[in-house]
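Shared chain: subunit A. Partners: subunit B in the first complex, subunit C in the second.
For the complex of A and B:
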């Protein structure tokens, strides 16, 4: 188990390293010279541009630039925002909890709808409940986030005024208002994921229910509750957890759009704003942190997976 | 099956543990119905080992799942009565049936590799039966599970108990399956090809366990197999099945010494026996085999389903279905031309 963990962690670090290189190259490959962009109106003055290049180390060869940047980044220093002058790390730290709250609530929505719906539709295969769940699944997968988000805003906030339409209140300031404002974004972001979870759960459950060990469990006289809820479910959870993990990382990108629609000042909105404002230090920092989040989530999923699946835990050979 | 036939069947065993009467099972498939079992009846006496023998697809395993009430959704029991220790299982509710499964009827399935749940430890899977039926607490169940593993001959049971199925060999897994099936001292144990996937020395070990179950605990055993070597080794009585029907039934010695049905003779011919090779010469040194295969029955047979493969087939066999008739003590056969010379008719 320890060896397995070490190897997975090593893989994660390699993936992270590659991600930072890609970010670094990618941003430099964007059209336009960052120094000129930074110089703004004085862009016509070559000395000014040169000064900016020196100040930001852009005159150094790219490997040196990368090394300097990554060296500071691992100490938590991503430089300062060009627009606001605030440290990028502080900006990110202030936004992350908002996005975490949003993704966790979305995950909660997705799991509480998706898992039971999947189990029920597998157990009631071919019955009305199954058709209902499948219809929901298809709709959930087909409706884009932004459409669902707008539809919710129009029907539930503009027409009926049940929820505040947009904006954000900190949980520390007013928990009730905070949650009221988070409900619709969480549903928006969680619905498509719940559809994915439901479909995966359904197919894994159907597999498990025809498995020999389920027949064995029934031959032991166990109740259906125990046969389905314990023997079949536990096996199905192995694949479903993987899917949840992969989707969880995907929620981060969904959060970008959702935060934009509901005007929630989270991590995703910071990313979009930094793109539109050509705030390179912020953009770099945000993308790196997103990569860190993605890789760590996947690592956690791997570990959870190995806990659920004893075959992997012992052999240590991974999947 | 005639009423007199049933009476004779029942009378042949003194104390009946399990009685299967006129069992018919159909599978509904996209290509139409399939008659998997057709009018099968047999009794299982106390401390008796009854072998259900036949080629793959003759309805043996379906019979077992029907007795347990675990037929798959596509299957339907169209007729039949299953009586366990005097109780007609058809009259029981689902939960009453569940209470019998695992406690009064134990089942060992054919595939030891896939029949255990891969994500639970062996101890938990055995313990479950004990907590379910005997109300044991977790710790107590674990202790009993260790004893059970010991009883089925698993070395170092205290370590094995916390292992997962994939850590065990095929023979070990089969022993775990048996330990699970006998955990509540069932009066009937159904073992579906319990030794098929295992090598010979392990086979012998499994058969030893079943023998001691019968002698120590008085368990009655239905042994489903196509291996006549195993039958000769352990069975008291044999039921030969073909295409979902019983075609011959006899005490084991009698079946081996005086097989009556041409199919049974064919099966016996396909079993290597010591000394046989020495008696044969040249090209005859091969095992006999029965040409053809078991037909898939889409409707109950109106003729002898074995006739396409039978060396004795006559016009009568192609148009009429032979019913079971007595040929000596407790020996019954469904054939128009039975026995050594093709019958007295």
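For the complex of A and C:
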């Protein structure tokens, strides 16, 4: 067990190391001289560019540059934004709570819809409720979230004015307005995940309902709800929780698009803005932090899963 | 969302499968018979065929070219001469949706093919030879998997620059790591089969074992994965183009059209409705078709 955890963690660290090397190479593969980019538009005389090159160590060979960059990065120093001059780490720290709030609300939407829909669909297999839930599941997977987001904007804000269409208010400033502005983004981001949860829940429940222990529970004369609730459901939750965990990391991707549609100044919007403004230090920092978050969440999910599922623990081979 | 790598990998496909030995034509007929019984999958297949035809014959089917401006009919509502109305630059939306199908199918199919071509040899080598080469490949795969799919695709598209070809590359490369993992997992299982041991014992070369015994047994997995990846790539292309990282003007992509629609939500909602519906229907069609394929090829899943 400990060996499995250690190896899994070691692999995660290797993955992150290689990922940062890829980011480092990738950013340097971008068109344009980073020294000129760092100097900004106003400073285009050769001496100044040379000074910047020396100051940022750009005259050093790439491996030296990498070690310097990563050494600063682990201390939380990702340099400064070319556009605003603010430290990248401060920018990221200020945006993360917004994205966390959005993903948590989306998760709430997804679980509230997906879990019951999946259970009902499995229990009522082949009945109208099952078809309805399956239809929802397929629709949820097939509607890209930016299409859903725009459809929600057009029907609920432009035509009816029920919700503010876009923008962000801090929870600390005005909690009601903050939540009102988060409703549509959370639905937009949560819907596709609820479809995934629903499909997984349905398939695990169907497996569980045909399992021997459920037949035993039935033949003991337990009520149908007790069979479903305390036997089938509990066992299905292991896989579904894993899927939710993996999806949680995936929500980070969805948040990028959702924040762009609803103009929410979160982590994803920071990423896209840095791409469009060619703000390389910010782009670099954001991608690295995204990778760290993604790898950590997946590692935690794996560890949780191995604790819940002894088979993986013993064989010592996660996928 | 469905563009996330974990969403693209169907959980059912990760389970080990019993290899069904190919029986040539009769098996194919049997597969088709089973598939035909699934009505929703047939609807999906029909829509897929329609979309492919629309993509192939867009220039013939479209009443106008995609960038012809009707300045006397800017933002004209649907009906009359313009079946789906016109956009903010007076272009015929119906013609643009048809040409958009072309861009969408091209990117989705090519990205899937690219991912397969890159992943298959790497997955085969990793799963068949195991050992050091496997470790190296898998650590690189882990590193690529450290980036959420869309963030990787955005970063690649930003590095390569916006164009249809680069979107295709970004989407294809984006799904390589998860695909290698799946192929490797399957190969690890197949390698333990008795007939593989038998072939090795009878002196077959690695190339012949791989090409005669392993690859044919991977086909079902690859087919199922392709049906999962194509709708994901349709959404991926639309997403990158919507963000401005994809197909460039004046070529119409559904994503580009939706980006323009967002600027005109109140004055021209039809600019959103038609390309939006096209993406949803195309994705849904491929998902229905894919579910049907999975049902037939993979008896372990209940759907």
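One rule holds in what follows: the second predicted complex is superposed on the first by the 290 of 319 C-alpha atoms of A that agree within 3 Å, B and C clash if a C-alpha of one lies under 4 Å from a C-alpha of the other, contacts with A are read in each partner's own complex, and residues count from 1 in each chain.
As a convention for this text, a residue touches a chain if its C-beta (ideal position, glycine included) is under 8 Å from a C-beta of that chain, and two chains touch if they have at least 3 such contacts.
No experiment lies behind these values; they were computed from the predicted model shown.
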| item | value |
| --- | --- |
| Touched partner set for A:276, first subunit B, second subunit C, both or neither | second |
| Subunit B versus subunit C as contact partner of A:154, first or second or both or neither | second |
| Touching partner for A:6 - first (subunit B), second (subunit C), both, neither | neither |
| Subunit B versus subunit C as contact partner of A:211, first or second or both or neither | first |
| Touching partner for A:260 - first (subunit B), second (subunit C), both, neither | second |
| Which partner, subunit B or subunit C, touches more subunit A residues | C |
| Which of subunit B and subunit C A:86 touches, first, second, both or neither | neither |
| Partner chain(s) touched by A:223 [first = subunit B, second = subunit C, both, neither] | first |
| Partner chain(s) touched by A:243 [first = subunit B, second = subunit C, both, neither] | second |
| Shared subunit A surface residues [contacts with subunit B and with subunit C] | none |
| Subunit A-facing residues of subunit B, complex | 68, 70, 95, 98-103, 106-107, 109, 111, 114-120, 128-129, 132-133, 164, 166-167, 177, 180-181 |
| Subunit A to subunit B touching residues, read off their complex | 211-213, 215-223, 226, 231, 234-235, 238, 308-311, 314 |
| Partner subunit C, residues of subunit A touching it in the complex | 11-12, 14-19, 21-23, 26, 29-31, 138-139, 141-147, 150-151, 153-154, 158, 189, 192-193, 196, 199-200, 202-203, 206-207, 239, 243, 246-247, 249-254, 256-257, 260-261, 271-272, 275-276, 283, 287, 290-291, 294-295, 298, 319 |
| In the complex, subunit C residues that touch subunit A | 1-7, 11-12, 14, 139-140, 142-151, 154-156, 158-159, 161, 181, 185, 231, 235, 238-239, 242-245, 258, 261-262, 265-266, 269, 272, 276, 279-280, 283-284, 287-288, 291, 301-303 |
